[in-house]
Amino acid sequence: MLYLVHMIVDIPDSLPAEEAARIKAEEKAYSQDLQRSGKWPHIWRVVGQYANYSVFDVESNEELHNLLSALPLFPYMQISVTPLATHPSAI
Amino acid sequence: MLYLVHMIVDIPDSLPAEEAARIKAEEKAYSQDLQRSGKWPHIWRVVGQYANYSVFDVESNEELHNLLSALPLFPYMQISVTPLATHPSAI
Amino acid sequence: MLYLVHMIVDIPDSLPAEEAARIKAEEKAYSQDLQRSGKWPHIWRVVGQYANYSVFDVESNEELHNLLSALPLFPYMQISVTPLATHPSAI
Amino acid sequence: MLYLVHMIVDIPDSLPAEEAARIKAEEKAYSQDLQRSGKWPHIWRVVGQYANYSVFDVESNEELHNLLSALPLFPYMQISVTPLATHPSAI
Amino acid sequence: MLYLVHMIVDIPDSLPAEEAARIKAEEKAYSQDLQRSGKWPHIWRVVGQYANYSVFDVESNEELHNLLSALPLFPYMQISVTPLATHPSAI
Amino acid sequence: MLYLVHMIVDIPDSLPAEEAARIKAEEKAYSQDLQRSGKWPHIWRVVGQYANYSVFDVESNEELHNLLSALPLFPYMQISVTPLATHPSAI
Amino acid sequence: MLYLVHMIVDIPDSLPAEEAARIKAEEKAYSQDLQRSGKWPHIWRVVGQYANYSVFDVESNEELHNLLSALPLFPYMQISVTPLATHPSAI
Amino acid sequence: MLYLVHMIVDIPDSLPAEEAARIKAEEKAYSQDLQRSGKWPHIWRVVGQYANYSVFDVESNEELHNLLSALPLFPYMQISVTPLATHPSAI
Amino acid sequence: MLYLVHMIVDIPDSLPAEEAARIKAEEKAYSQDLQRSGKWPHIWRVVGQYANYSVFDVESNEELHNLLSALPLFPYMQISVTPLATHPSAI
Amino acid sequence: MLYLVHMIVDIPDSLPAEEAARIKAEEKAYSQDLQRSGKWPHIWRVVGQYANYSVFDVESNEELHNLLSALPLFPYMQISVTPLATHPSAI
């Protein structure tokens, strides 16, 4: 079941640089694990922004929320979720 | 080169039903040709809406505009385009 | 799996009154069938508006889109869908 | 009398972590008391967000405001309220 | 129980002038009946607009929706409702 | 001459609690003086928000601005003003 | 007493050209009468738009609404009104 | 003196196709005359939309409004104008 | 050449009170110099807000930007600029 | 391949003045290098704002993102990107 997910990252200046770096490294590892598992099949950078559009492939709304709320950068992101369905013209 | 394209369809009541049906059939054929060519790798229905999110893979802005403006439903769609780049965490 | 669905109805003046009445009767029957089936557990009128907030309980995004796009009033509605998950404070 | 309530939580970084934890624990207890009393019949997490949609069942606008403004997280939430009525198609 | 109600009127050109005049006369009579009953204590014109801000004093969300949806101009109005409560500084 | 005034209060965390309490007490006294004088005939709490809708009855734009900008909470409020006139259906 | 008034004109295609021309001529005469009277001291065209920003100098909200709602183009305009006061830096 | 001008074209269905074609031909000729004159140095298509971003180089606000309001498609366009100045980093 | 300029002032709490007072005094002197020179013919307070609408009369976009960006409060203001032209109904 | 890029700069007060000055100097040098290379053919100041509209001429979305995300002021800018194509009326 697919969802389009839009994530905008906004790390506050008050976060120490080393802590930000650590969280970003964890985020990368976490994301790559999910990509390898097939649950996060697409992640694209939005040109000119610290943001991405991603596609998630999960079993349920519940699973998607669990995956997203466990993102190391979750406290610093604004996320919006669009449920997707098969398009009748898709081949 | 990838772009996320959001298309909202709004066919006016004044368009005769047969003409609308003909245009939709042309749209479907046109879309499926582009999907087969590899230029339109993803098309998803937005749940609950007469709208889609699509990903296009083209050589240039120019090519993308030519493909989109030739859509049979183009006069009845509101389209927005987001250029995409490789995400540093993508595997 | 739950979704909050917001539906705003806007029937154009150009639709003949009898046809509008027929579609509304079909909508009511369709809605009540889904309510009885357990797939549409809540439907509330938004005070002062020709609109409703509903909760759907379905198996997938796909099923939700199929149910919504089959609404007799679908061509005359603006629909937005919010996927829901269990709240950690829910009893 | 039913109301749909949308709550977005935004706890500032300046709040010490222990105090945030204490307030969240109080919020959970407060919410569960109201749920048990029947005044807060539904609370759902919005997928991907630190936000919820809830339904309240109270006697009056006054009572609803008293309940909401006493939420331990009230100073850190953006709340919007939609009054609901019986839908004519509801079974 | 008080509610602030914002009504914007937009009568389409396609409505014949006599019918529009008849509906407006009915609206005025309906409004004045409710004002006399005490249920519609305030109605003010928004300067420069075919719109009003009103205060309603009713028993429930249900009653408010019944009153508003029975407005003769209801099909031609965009209405938004804000529930009000006693302000702690009110004398 | 009447105006609808919408006030949203947002006191920053950086304001010491005692100073906030003092300003709120001054605000209450100031508001009640104006209410007694007849210049601030209505003040209602917006349900679920630290905000109010008020009606002011003053001689001029000038007088209204002087009253509003002297509110003790003025530096912490977002205010919008809607000029009102007699509604032709008002009794 | 001054007000900034923003007027956007949108004449529907369904209005016959001669009637539109007649209304515009009436609008011009009406506007120039008010300008001569001192009640409409400024009217400026917004560059690139069929819109204007104007300043009105009237005795009351009531008078302003009467003047604006009597504009021959009133049914075809979207108007917003901003009450103005003396600026403390004005010379 | 430079201005960025954003033009969105929306030709109503009610305009006969031949008249639309005639107006578009006039628009093209008019635009190319101004481009040759140096007053309209840039015109770019917005990808996926019947819209353009243009740069105008004129003597005054007055001249710009005269040029824009004389566009054959002016009645069918939504135009917004951004005044530009020399950027301190421009070479 | 005229421009309507909207300025919203938002001085952060972190600015020491004396520095804020000094900047405001400089702003007032600067504004009054420009008013006396004829380049800033109108400045009006927006009722209920720390904001103004002003009219500037300058030779060019360039001159306007130079004047605005030299405002002592420029770093603390949100400014929007609307180019104005002669209205055909102006007397 | 052309893109219109809108950049709004917002440097937080918490950034020390010398560091801000250093970053701005780097930004200027970086921008001028790209201008000389032909990749950043236009940069214009938006009148009255700490913002610019720019045109970039690059090989791909990828290259554009690399150039923009390497801007020394990138962490302090809000950037939006509009892909451009040849306009059929362009000479």
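Odds and ends about this structure:
As written, the chain order gives the labels A, B, C, D, E, F, G, H, I and J, with residue 1 at the start of each chain.
Quick note on the criterion: a residue touches a chain if its C-beta (ideal position, glycine included) is under 8 Å from a C-beta of that chain, and two chains touch if they have at least 3 such contacts.
Remember, it's a predicted structure, so these values are computed and weren't measured experimentally.
Touching chain B and chain I at once are the following chains: H, J. Listed by label, the chains touching chain A and chain F alike are D.
Centre-to-centre separation between chain B and chain E, using Cα means, comes to 43 Å. Distance from the chain H centre to the chain I centre is 29 Å, each centre being the mean of its Cα atoms. Chain B and chain F have Cα centroids lying 50 Å from one another. Annotation for chain C: residues 2, 14, 45, 47, 61, 64-65, 81, 83-86 touch two or more other chains.
Chain pairs that touch one another, listed by label: A-B, A-C, A-D, A-J, B-C, B-H, B-J, C-D, C-E, D-E, D-F, E-F, E-G, F-G, F-I, G-H, G-I, H-I, H-J, I-J.
Across the interface of their complex, chain D is touched by residues 2, 4, 27-28, 31-32, 35-36, 42-47, 52-53, 55, 82-91 of chain C.
Looking at the complex, you find that chain E touches chain C at residues 5, 12, 14-15, 61, 64-65, 68-69, 79-81.
The residues of chain A lying in touch with chain J in their complex are 13-14, 45, 47-50. Listing the residues of chain A that touch chain C in their complex gives 1-3, 60-62, 64-66, 81, 83-86.
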